[in-house]
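Taking it in order: structure first as structure tokens, then the write-up.
Letters A, B, C and D mark the chains as written, and numbering starts fresh at 1 in each.
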Amino acid sequence: MEPETAFSAIGEDLICIGRVTVFLQQFANALALGSVYALFAIGFTLIFGVLEIITLAHGTIFMVGAFAGLLAVTKLHLGLGPAILTAMLAAGTLGWVIDLVAVRPLRKRSFHHLAPMIATIGCATFITSIAQGLFGAEAYRFPFDFVPATSYTLGPVQLTLLQLIIIAISFAFMVIIIVLLHKTKWGKAVRAVAENRRTAALLGIPVDRVYQITSFTAGALGGAAGILTGINFNTIHAFMGGPMLHRGIAVVILGGMGDIRGALLGGLILGFSEIMSVAYISSDFRDAVSFGLLFLILLLKPAGIFGRTGERKV
Amino acid sequence: MLKVQNIIKDFGGLRVLDGVVFQVAEGAIFGLIGPNGAGKTTVFNIVSGLLQPTDGRVIFNGADITRLPPHAIAAQGISRTFQNIRIFGEMSLLENVLVGMHRLFSYSPAAMFFDLPKKRTEEKLLREKACDILSLVNLEDKADWAAKNLSYGGQRKLELARALATDPKLLLVDEPAAGMNPAETEELMDEIVQINRRGYTICVIEHDMKVIMGICGQIAVLNFGELIAEGSPEEVKRNPLVIEAYLGKEG
Amino acid sequence: MKLPGKALVLVTAIALFATASPAAEIRIGVAEALTGPVAKYGVPIRNGFALAAEEINAKGGIKGNKIELIIEDEQGKKEEAINVFKKFIFKDRTLAIFGPTLSNSAFAADPIANAQKTIVFGTSNTAEGITAIGPYVFRNSIAEADILPKVVGVAKKKLGLKKVAILYGNDDSFTKSGYDVFKRVVEQEKLQVLTTETFAKGDIDFSAQLTKIKNLNPDAIICSALVEEAANIILQARKLGMPERIRFIGGNGFNSAKLMEIAGKAAEGSISGSPWFLDDPSAKNQEFVRTYTAKFSIPPDQFAAQAYDALYIMAEGIKAAKLSGNLEKDRTALRNALAKVKNFKGVGGLFSFNENRDAAQKGRVLIIKKGKFSLYAE
Amino acid sequence: MGEFLASTWYTYNTLLYTIFVNGMLALSIYLTLACGQLSLGNAAFMGMGAYTAAILTMKAGAPFGIALIAGGALPALVALIIGIPTLRLSGVYLAMATLGFGEVVRVAFLNMSITGGSLGLNGVPAKTEFWHLLLVMGILIYFFVKLKSSRFGRALEAINEDETAASVMGIRTTLFKVWAFAAGAFIAGVAGGLNAHFTFFVSPREYGFEFAVDILTFAILGGTQTFWGPIVGSTILTLLPELLRFMGPYRLALNGLILLFVVIYLPNGIVSRDTFKKKADRG
């Protein structure tokens, strides 16, 4: 049924205002959703850019972040800020441990380039199974009013405090990461390793340490995405990482593997395409539209939006 | 036989080749020399189809091959080796050569699946030929070794054999002497001459002019993407531009 | 860390099931999803069976014979369900089988049990056509088609509904079946459908659909969803400023304490339907809820209740059947006896099988008031 | 004794069937891996095959053989269409494109009426016999043995090792990659058709991203240097959860750990070239 029929009695002006209102609200929805996707994808793309592996444990890290935050709030009665830090610390540590246990042993030898990815699948299966053993398969949520349910009415648009916090935190983290990468000594080291690990090693950069720091940072960002998603969407369970990982991969591909700006933009594009396809096409075709778009962008720009196609390496 | 006409190549704003022109005559050993970074390998990459030039044309036996894909250029009869050896390390020596012979095979997937006589005779015939080619570079006794287990010099020879296996009219050889000691270099140059005598036209890149001075009839000199001299070794040697840009530095 | 203790208990439990098997035991296979995402349904089902078996055995079993449950995990995957069913039929030689958790797996595994003339009794399969697989297939899970017409009818009458919006999960057979029924009922009741929106399993953000619906200003939102999604949908709707006047109407999927746990106050006034509900004041149900909660430290849901009743229904059948010790004959005898079970009094009220071995049970319309399910209409 | 054998067979034959089907799927992805390409679309191809074959036998009454071949041909055709633009590029682009493709296929299954939407198709007739699986697997193994020592196998291996060098040798790399991709799709489709006819049920849920990753895991864990690797890998990974049943709720945890340790200690897969070499040395 078209919106027109609902409004037909009220007059043309109102139809127009109604449409604009809905659009603005959907825009806000898309921004909130897209920024979570972006935050999740940044960690994922960071690992790919620096360690050159596709880590399929990132969804699990996301889930662990959400549970760590939940426990911090329910057992330790921490506030929002400390809970986010706890989640990031826990998820970051897990990221570091996964690197230590599953990826590092495979780094030095010559092996199939997909072997580390399979190792991260092993980790993901293990951790998910343990989480299910500990928490069961059912969903949990943060306590009611953990974040006040305040809504802000910006003109015709309603945004909850939480949505604003999520958008703010996501963008803040992205800016922090980009600044760290470009302005600090460690950031430069990380970029040098991402560019060419052999040259970086020759220049005296402790490559292994860079890998560890990257793994920790990426994990922490995944954990932040996890707790924020957990607070906003109230469904924390052992398998929550699956759909997120799936979308995260799409985002990273869209933006260009290993590119942080790409993850940001890709996350927003996916958020917008999901929301807007529901709003203006049909919710039946949401995933088809989103992934069809991905497919199309790849045909036009095979390396993603910010990916370097360049000349074939010879 | 090969005409390189006014090739220009830009890499993201940087001009790597600027109007390179030269000709390789049939049956010759042609030398393309110049200091490191002069753009020699880029010329090879353009001729073999791995790179597209920004401007200019490559004519081979009268046909324009400028924008053909690499496999089509190989089919025209141009083969090459690489400066940084690119053999198929996990495959055996024999298989490496057989890959080189890829376009000489013609049996169908059905012939493969049903083991038809056409497949068997073709495989048998060409395997024998592959052994012959390996013996040309004295590697026939290691035919079933994995290529990665060969010595450095052996791998260079294998790469040469694999390039020959495509049955080329023109063979592009990229710095064959890189990383070799003088004795090995001399042996290799000998082999190149042998190959040339069998009727293959050869174009060889070298940054050390002395190495190929003795075997080339004609030499072109590149410096910073520009052709600064062309002629017989003696002429080139006396060219002041060459001495300044290149020989002078070598001392 | 809770892990080692819990693991130990589970391992011993499994060891007990595996070793304690003296002669006169009635073996029944339980194939449910105990790991993986589907485990959130499979585990309560397993608990329901375990509690019922414990009670029956504590009272001396059935005619002195104890019930031995053999519990296997089928992960919610169809191949696994087939493997487990075959293990029960051929290796463990069970008298009957409960499960599997999902209708999808049932379509794959039930034909095998039916072909071997072994009873398969589903407690959570709601898809159409399950019992049509064959004469050995039973279920006590009541299909959405049996409840939803009543729910919508009651809601329409009491609330004076005219315009509704529909929201459902389109990639899940349970929620899709629910939608199909809703669609039919809404047409019969001559309600105007302003929009039909969908979501996918695992979605967490429903803001786009809800914004669209909110703008169309319906009288109610008809929602075919599983409990986690339903709770989140209701919660997000209220956050987007959807007035409480707009009620949510759902089916079996709403029927879990999780709905209030996740949606909290937002769930108030939501209407659903089911034969069983947690806060049903009947003594039998209160006793069940109390012992279940004490044993598993989580209140039962509809899955647990239906499994609990199912084992008692099976026990009725076993009591009535003349068992000879010949497994093949006993399976058939039990099948014939089970089909005759009538007016069994369970926690979900009076239960009988209809001629298609489906549940012939009265659904009740429920409303959430003060954080509890209460009766809206019988 | 005979009865024991019969009951053992009936208990475990579906497991055995699944091992064969997973083996075929692993081989289907091996074909693309063998020329250096990573496909995440093989689960979707399997699904297309399963639906096509099931619809043909259920609704058109087609003979099983025809249904299977059609179930292989349709995904192969689709693979050709999407392979030509994506495979001209090297690197992991195919993986990315096929990821998006898989999702589009899933949504298509959900929204078509002939596929039964989210309810799927139930009542697929029981047509798959053990000899069908043996025959298909036999043909595949024969095919891979023949391929290995042919010009086609050498070309694929050369592309896998060094695409640039292979192209200079006159190998039409794109053509080979597209054909390998399409042939893989064919195998996956046939495997899907076989699977549908012993599990009696097809639904869109089963052929998603997770299963695509499972298929990839079969191949990588087993090793992709020879075609035996994927077969061994899929067999082990199919059996493992069954063997770990005694672990109860933590069996998937152990499954994950085993996967991790195998990859770390055998990064080239369980079966590598060295495996054969050692055997040859001993022999």
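Here is the rule we go by: contacts are C-beta pairs under 8 Å (C-beta built on N, C-alpha and C of every residue); 3 or more make two chains touch, one makes a residue touch a chain.
This is a predicted model, so every value here is computed, not measured.
Any chain touching chain C that also touches chain D appears here: A. Overall, the chain located most centrally, as judged by its C-alpha mean against the mean of all protein C-alpha atoms, is D. Chain centres computed from CA atoms place C at the largest separation from chain B. In whole angstrom, the spacing between the mean C-alpha positions of chain B and chain C is 73. Distance between chain A and chain C, defined via averaged C-alpha coordinates, is recorded as 35 Å. Centres computed as Cα averages put chain A at a distance of 30 Å from chain D.
For the pair chain A and chain B, the distance between mean C-alpha positions equals 48 Å.
Multi-chain contact residues of chain B, defined as those touching 2 or more other chains: 50.
Counting only residues that touch two or more partner chains, chain D has 106, 110, 164, 249-252.
The set of chain A residues that touch two or more partner chains comprises 129-130, 132-133, 242, 284, 287, 312, 314. Contact residues on chain D toward chain B in their complex (touch as defined above): 142-143, 146-147, 149-152, 154-155, 157-158, 161-162, 164-173, 225, 273. The touching residues of chain D, when paired with chain A in their complex, are 38, 85-86, 89-93, 96-97, 99-101, 103-104, 106-108, 110-111, 164, 209-210, 213, 216-217, 220-221, 223-224, 249-253, 255-261, 263-264, 267-269. Those residues of chain A lying in contact with chain D across their complex are 56, 101-102, 105-106, 109, 111-112, 114-119, 121-130, 132-133, 242, 246, 249-250, 253, 257, 284-285, 287-288, 290-292, 294-295, 298-299, 302-304, 312-314.
Every residue of chain A that touches chain C in the complex is listed here, in rising order: 1, 3, 6, 18, 21-22, 25-26, 29-30, 32-33, 129-130, 132-134, 136-139, 141, 144, 149, 151, 158, 160, 229, 233-235, 237, 239-240, 242-243, 274-276, 278-279, 283-284, 286-287.
Every residue of chain B that touches chain D in the complex is listed here, in rising order: 48-50, 69-71, 74-75, 79-80, 82, 86-91, 95, 98-100, 102-103, 105, 107, 109, 112-113, 115, 119, 123, 162, 166.
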